[in-house]
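In this document, chain identifiers A, B, C and D correspond to the written order of the chains, with residue numbering beginning at 1 in each.
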Amino acid sequence: MFRYFTAGESHGPSLTGIVEGTPAGLELSEGFIEQHLVRRQKGYGRGGRMAFEKDKAIIQSGVRFGKTTGAPVAFSMVNRAFEKDDSNWPKVMAKEGERGDVEKITLPRPGHADLVGVQKYDFDDIRPVIERSSARETAMRVACCSVARAFLKELGIEIGGHVIQIGSIGYSDWDDVRAIADPLAENGSESIYKEADKSDVRCLNSDLSHQMREEIKHRRKEGTSLGGIYEIVVTGLPAGLGSYVHWDRKIDGQIAQAIVSTQAMKGVEIGLGFEAARSRGHEVHDEIVYKNHFSRRTNRAGGIEGGMTTGMPVIIRGAMKPIPTMIKPLKTADLETKKEQDTRYERSDVCALPRAVVVAESVIAPVLANAILEKFGGDSMNEIRTRFQNRTS
Amino acid sequence: MFRYFTAGESHGPSLTGIVEGTPAGLELSEGFIEQHLVRRQKGYGRGGRMAFEKDKAIIQSGVRFGKTTGAPVAFSMVNRAFEKDDSNWPKVMAKEGERGDVEKITLPRPGHADLVGVQKYDFDDIRPVIERSSARETAMRVACCSVARAFLKELGIEIGGHVIQIGSIGYSDWDDVRAIADPLAENGSESIYKEADKSDVRCLNSDLSHQMREEIKHRRKEGTSLGGIYEIVVTGLPAGLGSYVHWDRKIDGQIAQAIVSTQAMKGVEIGLGFEAARSRGHEVHDEIVYKNHFSRRTNRAGGIEGGMTTGMPVIIRGAMKPIPTMIKPLKTADLETKKEQDTRYERSDVCALPRAVVVAESVIAPVLANAILEKFGGDSMNEIRTRFQNRTS
Amino acid sequence: MFRYFTAGESHGPSLTGIVEGTPAGLELSEGFIEQHLVRRQKGYGRGGRMAFEKDKAIIQSGVRFGKTTGAPVAFSMVNRAFEKDDSNWPKVMAKEGERGDVEKITLPRPGHADLVGVQKYDFDDIRPVIERSSARETAMRVACCSVARAFLKELGIEIGGHVIQIGSIGYSDWDDVRAIADPLAENGSESIYKEADKSDVRCLNSDLSHQMREEIKHRRKEGTSLGGIYEIVVTGLPAGLGSYVHWDRKIDGQIAQAIVSTQAMKGVEIGLGFEAARSRGHEVHDEIVYKNHFSRRTNRAGGIEGGMTTGMPVIIRGAMKPIPTMIKPLKTADLETKKEQDTRYERSDVCALPRAVVVAESVIAPVLANAILEKFGGDSMNEIRTRFQNRTS
Amino acid sequence: MFRYFTAGESHGPSLTGIVEGTPAGLELSEGFIEQHLVRRQKGYGRGGRMAFEKDKAIIQSGVRFGKTTGAPVAFSMVNRAFEKDDSNWPKVMAKEGERGDVEKITLPRPGHADLVGVQKYDFDDIRPVIERSSARETAMRVACCSVARAFLKELGIEIGGHVIQIGSIGYSDWDDVRAIADPLAENGSESIYKEADKSDVRCLNSDLSHQMREEIKHRRKEGTSLGGIYEIVVTGLPAGLGSYVHWDRKIDGQIAQAIVSTQAMKGVEIGLGFEAARSRGHEVHDEIVYKNHFSRRTNRAGGIEGGMTTGMPVIIRGAMKPIPTMIKPLKTADLETKKEQDTRYERSDVCALPRAVVVAESVIAPVLANAILEKFGGDSMNEIRTRFQNRTS
């Protein structure tokens, strides 16, 4: 079973990750990981950080001659900013010694973990909360999850995501999205992300891409921020992953946790999702057909019925809130003085959707990989591949 | 830590449940459990089943003189239908012996676990899939989760749910719902469910209730079915449950799994949810204020920031698909003949929302109770209550 | 993955068990379970309880026409004593109502969970501790674990146990045990338990059996009690279950937990165990040979190297302490008065070893079954059996 | 809850570890970790490796100004050998590229994970098995577990171990050990390890120390190896950690897993352990006394009854097999040629007991720390310490 921990602070010396439970014999390279790390860093609407910080996950263990050994795969990723000459991060983030004249941060930002983090962990300084709750952590999460993604890919299971909504701009309905995404997914859903990557807002529709960029530009001027919705499509999954027999084995529940456990996510839906709730049964359920094998005429269920994959593409959507750090201030109150104050001006991105897609593609990979391992078992890729190819459904 | 298993088939002799991890000294009675079981059974739009089947969870262990002992609490619940004179369930569901002339079910119903269940478990008969994937299981789930609910209640944490959408009928926006639900929640959110229970569609707004009933009536005549959206509000939670430090400790992710792991759920959102994705930052984030203690001016985050409770009410919404069993048939294909066929006519409910609310109120209780146990620890209610009352945030 | 909960008190109305994670298509009957329940009840040195209490686990779910369906298997087991006319258990163990004149037990018995149980759960009465910590619980544990045992058996994996020491009476060394047990295990280790069952102390050597009975008789007269050591042998396991890569995946560690988590166990060893610690390397390590396949010349490792099964029989030994309830009193102190007192006279068994063997055989079954599922995966017995038979090591 | 992963190969560039679940506000320094790392490296009977390899765990995250932040603590530890000029490890252990002329290891060593590891993971080279199954991994395990150990220490819970048997040399019985260890433990059991550390075989008795050294010297000349038995004593634990209500919550079972999941361990016992099995009840059970608080006259149970701590010192013993790498060869068979061969001469330690003690002290720390967290809950040391000090039992 794939299990992973990430560690590291936003401005600490490095991020660390360990992936335990990888089968042996899986092809894995730093290059494969890097492509998704680079994708995660790109996207319209970024602030200035990107230029100086190109992430690279260094494999420290678990891989020999380009293949996994079954032993834990460890990654380290240097935070380039940490050692910059003019940076005082080594002092601010010092692991040993006294605080000295390092300033405390006492102004909690609405929409961030700041206030509650301080209350929970009994801090008088918001700094450690910022450092760990930051989306910087997702860099290592993408690295770790990419191991599971490589595993899925070797079995022909592909994951591809794209942005379908930024602020008020988006597709008008489910069918509109299907019309553009489904043909791409026919030969594997990596085509979806590859096509989407051509747009710096990761939207497949070029008109919408243009509008989204305009919206971002507009809201940046206003000093506010934007959220949005992404869609992730997974192709190549066999039927019968997950189970209806016990609640915690339902694969849609597991996917929902993975998505909502990602920074800034406020909602998730499978297939038609909330639209299904507003529709009549005959507009929702997918008729069953038999042509050489059983299939569905439509896929409004998003590839999951009864907590199990149906063999149709799995379609997941996530709702991301606007970035809470904004130029135009919000009201807040200081931890020490308790006085009402404006949040401080901070340079920030306006919209994180284009990058959040890559994180979402990543975090569902271990969920799906574990469902494969539960169904097919095995310790080496040879063993697993053979069983996967000999499957009957 | 509260852990539970449910067992049992829809038409087997009984349902069984075990709850492990209950602190000692918690007041618990069959009457407390029963009130939620009864609520789960009630709701406009039910088919004929309700009349003959009033659920009662019999406590088999773990409770003495009205209080838990810390030992596992076991429940048994008779399926009244099983032993009816004219029923052949004992024969159809026989645990031993040969199948004999018991008919196989070979026509999978779209929208149910039927087809995939058979593929997964290598069956030639859909019967065992129907029996376990049915929402009948939620009766025992409600019983099991009610133990956690009693625990929360003893600490002043209340859970209340109501229906906000059935098919196309629902509140126009977030503020409309807040205007009616928030005043009720002020003295604890059980007021919400108690008020909602006065409507047989569990909607707080009587005009909408009327329209929902009409919609159900209308769609029943059409032979189709309806889904909808519920909202669950939790009051009395302290700040700081969950954590931002590791993905699987984020309480919103855990809640999302619990909701989506319930039969027929296709989506979940926290606070503004998908609406947040379509809004600008300043319309979403809750400003921080200090009056004796830190609080938020608004609660559009739905009581969760950075994967932790903020101390404001937790607001969760779930999207349920329309019931897949419908009078007007859908196309499907027979497992044996592979021939296209209409689904069979089956008596069924049209809309399960009013009852699904009670299930949702229940399934989040163990998630929250475990977060409390993680924060406060303890083996007995005396120990836990004291710490809870002495908390600082 | 096999997971199970047991519930129930020693003198409550019934015991309950749920086994979640069983593959579909496994043959399972109440008769199969019963044979091990009956074995668990038999053994020289029992007190009077046995006569009136023949256990039967009633399957409540998860089995149809003699085969599992993949759904949770629930068991209920009536406590016959509960409803006896002259028993006041329904009053003493009442789940509702006030305590009334039901006496509190305030004299903790050394060697039992009594004192700590009361301290932990904040009780003023030892009764609930006695009820749940009692070995009565193992009746349901045997039932639940028997599902995993049936699974293993269908793959040709057999478990058999025997007593090798009672008090001071036992085999002189490892080789003595091997000489009698190994030939029996050659055709599957169920032969071991079947042969051992012919002795009422479950010892394979008839001379030792006689001495053990004499020892028990002698110590009963003295008013004291006895413990001992059992050995469990598992045959038919493939090589490579468990793993060396992460500590919690080592199968010897998992087995050790299962054994020591059983009532009254104070030690466990694999293969030569503590004797290995006192020996030189050349007396311990098993040379590797190749004859058609790789094997070991000896099996002093007890079938486990590097946290993995070697393909040789797994040999586990457990050390059980003497029964703490004894006729000749020990000193203790009353919970209320704090005064020193003698423990009360209680009718009790003198030695539980013969029955503990059956419990031990049972509790390791889920550990091994889960290792099989991890290696071979699968949802139905057909799927699993095929892969198991096609394995290469 | 403390959770940790270790990663890294014996001759890879570095070891990595992540500890997730640490409360905030715990004092932690690299110096604290280092003292146990250094202890782990010392001990009579080592081969030549020690000189060039002094371990240092570098904290990469989770600690600021000398205190934990609640975020995951990551460690990296350089393998000094890896980059030595004359070493070809970077080539042998290359993560990328082809194998080239790097030799395969095809001669499995009896007693190691070699043969089964290759079978399990489908390797044609034993190298990756050696690299991960090696006791080198315990260096990072000690580092990770030391975080839990610092946590316990801050609450006054101390862990101390010593060697009681090496090969045939050891204390004659339980009382002999108690006579020397218990007085030391009276002021906290760190006194035990501090005293034991004065002996290079970590034995408290100087006569035995001398004999053990002689035994090691003797067996080295013979070309064989030795195992032995250690004892770990934990003082300062409150009563009531663990539970009798469900098998996997029994703390003795959890401890047993932790011990046996350590390299080369073949057995574990609590308190009298196997000696209890050979004794009569009156020689085993600890009478209860009341003097201001409840206590036991003796502690033959080793501080655990009914799966719970009693408040008396916890006493654990582990049996380690002799080191399998030995100068005098054993027979084995080549993976490729299948031909019988002698194992190759390898420089190796003769006895690892003195170092294994430190590993054992370490691995039980997370088990105990988690039991404390379960009982007392909490996110910061202030919160936990207050509750711990206010406890009633």
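Operating definition for what follows: contacts are C-beta pairs under 8 Å (C-beta built on N, C-alpha and C of every residue); 3 or more make two chains touch, one makes a residue touch a chain.
Just so it is clear, the model here is predicted, and its values are computed rather than measured.
Asks: On the document's contact criterion, could you list the chains that touch subunit C and likewise touch subunit D?
Replies: A, B
Asks: Contact counts by the stated rule: is the higher one at B-C or A-C?
Replies: Pair with more contacting C-beta pairs, B-C versus A-C: B-C.
Asks: Using mean Cα positions as chain centres, tell me which chain lies farthest from subunit C.
Replies: Using the mean of the C-alpha atoms as each chain's centre, the farthest one from subunit C is A.
Asks: Taking each chain's centre as the mean position of its Cα atoms, how many Å separate subunit A from subunit C?
Replies: From the centre of subunit A to the centre of subunit C is 45 Å.
Asks: Approximately how many whole Å separate the CA-defined centres of subunit A and subunit B?
Replies: 27
Asks: Starting from the mean Cα coordinates of subunit B and subunit C, work out the distance between those two points in Å.
Replies: Centre-to-centre distance between subunit B and subunit C: 37 Å.
Asks: Where in subunit C do residues touch at least two different other chains?
Replies: Expected reply: 5-6, 20, 70-72, 120, 132, 240, 243, 245-246, 379.
Asks: What part of subunit D is in contact with subunit A in the complex they form?
Replies: 3, 5-9, 12-18, 20, 24-25, 29-30, 59-66, 69-74, 76, 93-99, 120-123, 127-128, 131-132, 379-380, 382-383
Asks: Would you mind writing out the residues of subunit C in touch with subunit A in their complex?
Replies: By the definition above, subunit C touches subunit A via 1, 20-21, 70-72, 240, 243, 245-246, 373-379, 387.
Asks: Which of the residues in subunit A come into contact with subunit B in the complex?
Replies: Within the complex, subunit A touches subunit B at residues 5-6, 108, 110-117, 119-120, 129, 132-133, 141, 165, 167-168, 170, 219, 222, 224-229, 239-240, 243-248, 250, 252-262, 265-274, 276-282, 284-290, 294, 296-297, 301-302, 305-311, 319-324, 326, 328, 330-333, 338-340, 363, 392-393.
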